[in-house]
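Here you go, one structure.
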Amino acid sequence: METSYLLHAEAGGGVSSPSPVIDSSDKVEIKKDFNSKNHVKARIIKDIFFKSTVILFAFLSLLPLIFILYYITKNGIAVINWEFLTQLPRPIGETGGGIFNAIMGTLMLIVLSSIFSIPFGISAGIYLSEKGEGKIAHIVRLCVVVLQGTPSIVIGIIVYIWVVAPFGGFSALSGGIALSIMMLPVIIKTTEETLKLMPYSLKEASLALGVPYYKTILKVILPTGLSGILTGILLSVARITGETAPLLFTAFGNQFMNYNILKPIDSLPYRIFYYAMSPYPEWHTFAWGASFILVVVVLGFNLIARGISIKWKVQF
Amino acid sequence: MESPVLKVDGFSAYFGDNQVLKDINLSISNNLVTALMGPSGCGKTTLIRCVNRMHELIPGTKVSGKMYLRGDDIYELEPILLRRKIGMVFQKPNPFPMMSIYDNVIAGYKLNGIRLGKDEMDRIVEQSLKESALWNEVKDALHRKGTFLSGGQQQRLCIARALAMNPEILLLDEPTSALDPKSTAHIEELIVELKKNVTMLLVTHNIAQAARVSDFTAFIYLGDLVEFGPTEKMFTVPRDKRTEEYLTGKFG
Amino acid sequence: MKSETIFNRTIYLSALTVVVLLIAIFLTLLLASMPSIKTFGAGFFIGKTWDTASQKFGALPFLAGTLLTSFIALFISIPFSISISLFLGEYFKGGPVSAFLRSSIEVLAGIPSVIYGLWGLFLLMPMMRFIEVKVGVPPHGVGIMTSSLILTIMIIPFSASIGREVITLVPSDLKEAAYSLGATRFEVIKNIIIPYARSGMIAGILLALGRAIGETMAVTMLIGNSNFLPTSIFSPANTMASVIANEFAEATGVTASSLIYIGIVLFLVTMLVNIVGTYIIKKVSLEASKEVT
């Protein structure tokens, strides 16, 4: 040990000889008074001031949230009653009525879009996590990013051209397709991320038992990652439940009850938009009521998603 | 004997309810290298972090007892003023990657909002890099980012950055643990050289390193200062059985 | 065929569907906007008139509307989102206050656009009208400024969460080095954290911009649906997204094609912004993970 140190020391000495020792008296004298109490105090005050500003601005950003939740609750709860939830809208001039069609419409749209997007999304997510390094996987990932960032109104146009125009009219089906395109990237991403977290040993254990590869994925990996995938699905549902723009030229709206997927269908966000933009104060109160329900539903989905990801988290 | 640069007086430290340093007493004089040695987790790093109050960055730490820097109570000074007077070099070389070599050396002044003239800065940079034996290797690349430097060079850059502030004490927290043997030798050589100008406190878990570079050694075990004295004496005739066991590799 | 093969083909085809879908979206938009592209060409973007009656279409008013609302919103949002990022990523990393702020920001992000629009109509609009009277401009209440304010609220959670992420990526040994030289926390933030996290924060701002450009409903409800070039930041206007929302359902022929022309521009711009932003963030987090090892 000692000898090797000496060898190194000699070898090192050639590369960069330590500089001649500098006498302390040669030291650069800094005449500036940065040791002075005032300089230090000024810096501390600046530090405290900055921190206070950060805290202030951070909490100021919550002000709109408080206002929005307050108004939705205050104006919304006042309208909500059994009739509001179970009756159909009535023409202007008649009091009462409700938004039953919009609630049912939103439910139908969620079901339709889930049917289209979940199988594709999970399947593509499996591809990305399993064959994630290839060139195609990189292109797919890029497309997922682009799709997620595509403005919802553009999706509305697309589905109008693809579905509404050929079928000759607005329909629940077209709305479901538009929303499923919006769900797809979220499901793919969360599925990929969840499955990537699965330890390789899990797969090995199954393969070692002679279980074929596809069965290992479907019967071992997928069920283990179920909570993550479910979280992703719920988050994507939460995302599309409040979407209005892609429905404007697809599902449109319908003030009557409709269960036919080839006919226009109402939805909560569309009803809010329609009522909000109307000139009638009574409809405005209905918009608040519908908003309250929509917020509760959307936040509910988010909350359940979060609950699942915490409670069911598989620990490794 | 002149007054000690650093005096530690009945000092204890706690992480939550866990006492990591127990009633430490130390006195360190000018221009000496003192090694703090002990198995990992013994509290040696905590001790030097308490010297420049870096432990306060981690919530939940408490200390009791006193420390004096040239007679001033460390815990009565403003931390930012104290830290300016005490240099620190870390386990992993950590030059600021977004700054040039030049700016790295002068970083202490920039960070502290001290405006210096171009001339003053040039002199400080040159002098600090010479002191840390890096000048010859980087003098033509001062305005390049330091990321192309080797690990050992980066660590010497960090030493230069600390020296630029003209510290009373330089704290070295296992400065060679992330380096290859050759760079390690280089740094050790540098430490011996620097002793002429600055007092150093070197944390190491490497017994041979303590033997090679230090004048005094403190052996810390489970938060206790077991033994403190001249390195030569401790390595030849340790007083405490635990020190002997540690030096002969019976544990740790 | 073997089940194994079927499985592999299925996942491969599903993944490929995404690519095909995106290409199909682009080609559809291109094809459908062709009549308008042929008629108006690049002059479309400097044309100031949007008139269905005379079939003259220029998108400058909407381009201006989108740029004005997005950039004003971005500008106002920056101090707020940086503050939240620093609050959550540096000052208060854990603890109940931080958790509260974080969940509140998530709730803010989860509120549907149409509800922001509703709230804006009944609260922001009267407030704006009041301000406009004070300033001495026609009190429309709706317009570019109103839309910008609602956009500000909508993009804050977005850029703040990216900002928080990139700030937590700053290696703690760099911060420690700065503290050991005697820096205050503010000095560490200003000289170490912000410069280190800068590219990531820029990416966050870029992605927020993408959001703002594409945002439709709240803006449609608050911008005043005017197809004239805005004369002030209080003018009623239309953004690229809002003019589509307002007119597409009833549009035919060249009108529809021109709206789709706007749509394809919207699609390409947000695509570019998203790819660049995501690329920067990926690079930043890759570098940070290298630092750790």
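Which chain is which? They are A, B and C, in the order written, and residues in each are numbered from 1.
One rule holds in what follows: contacts are C-beta pairs under 8 Å (C-beta built on N, C-alpha and C of every residue); 3 or more make two chains touch, one makes a residue touch a chain.
All figures in this text were calculated on a predicted structure; none of them were measured in a lab.
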Next on the checklist: Based on mean C-alpha positions, I'd like to know which chain lies farthest from chain C.
Outcome noted: B
Checklist entry - Would you say A-C or B-C is joined by more C-beta pairs in contact? => result A-C
Checklist entry - Roughly how far is chain B from chain C, going centre to centre by Cα mean, in whole Å? => result 48
Checklist entry - What whole-number Å value describes the gap between the mean CA coordinates of chain A and chain C? => result 14
Next on the checklist: Can you pull out the residues of chain C that are in contact with at least two other chains?
Outcome noted: 184, 187
Checklist entry - On chain B, where are the residues touching two or more other chains? => result 80-81, 84, 112-113
Checklist entry - Which residues does chain A have that touch at least 2 chains other than itself? => result 43-44
Checklist outcome for this item: In the complex, the residues of chain A that touch chain B are 1-2, 4-5, 8-9, 11-13, 15-19, 21-22, 24, 26-28, 30, 32, 34-35, 39-40, 43-44
Checklist outcome for this item: As the complex stands, chain C meets chain B at residues 171, 173-174, 176-184, 187-188, 191-192, 195-196
Checklist entry - Mind pulling up the chain A residues that touch chain C in the complex? => result 43-44, 46-47, 50-51, 53-62, 64-65, 67-69, 71-72, 119-121, 123-124, 126-128, 130-131, 136-137, 139-140, 142-158, 160-162, 181, 184-185, 188, 212-214, 217-218, 238, 241-245, 248-249, 252, 269, 272-273, 276-277, 284, 287-288, 291, 294-295, 298-299, 302
Item to check | Complex contact set, residues of chain B against chain C | outcome: 52, 54, 57, 80-88, 90, 92, 94, 96-98, 107-108, 110-113, 158, 161-162, 165, 171
Item to check | Interfacial residue positions of chain B with respect to chain A in the complex | outcome: 78, 80-81, 84, 109, 112-116, 120, 123-124, 127, 130-131, 133-137, 166, 181-182, 184-186, 188-190, 193, 196-197, 208, 212
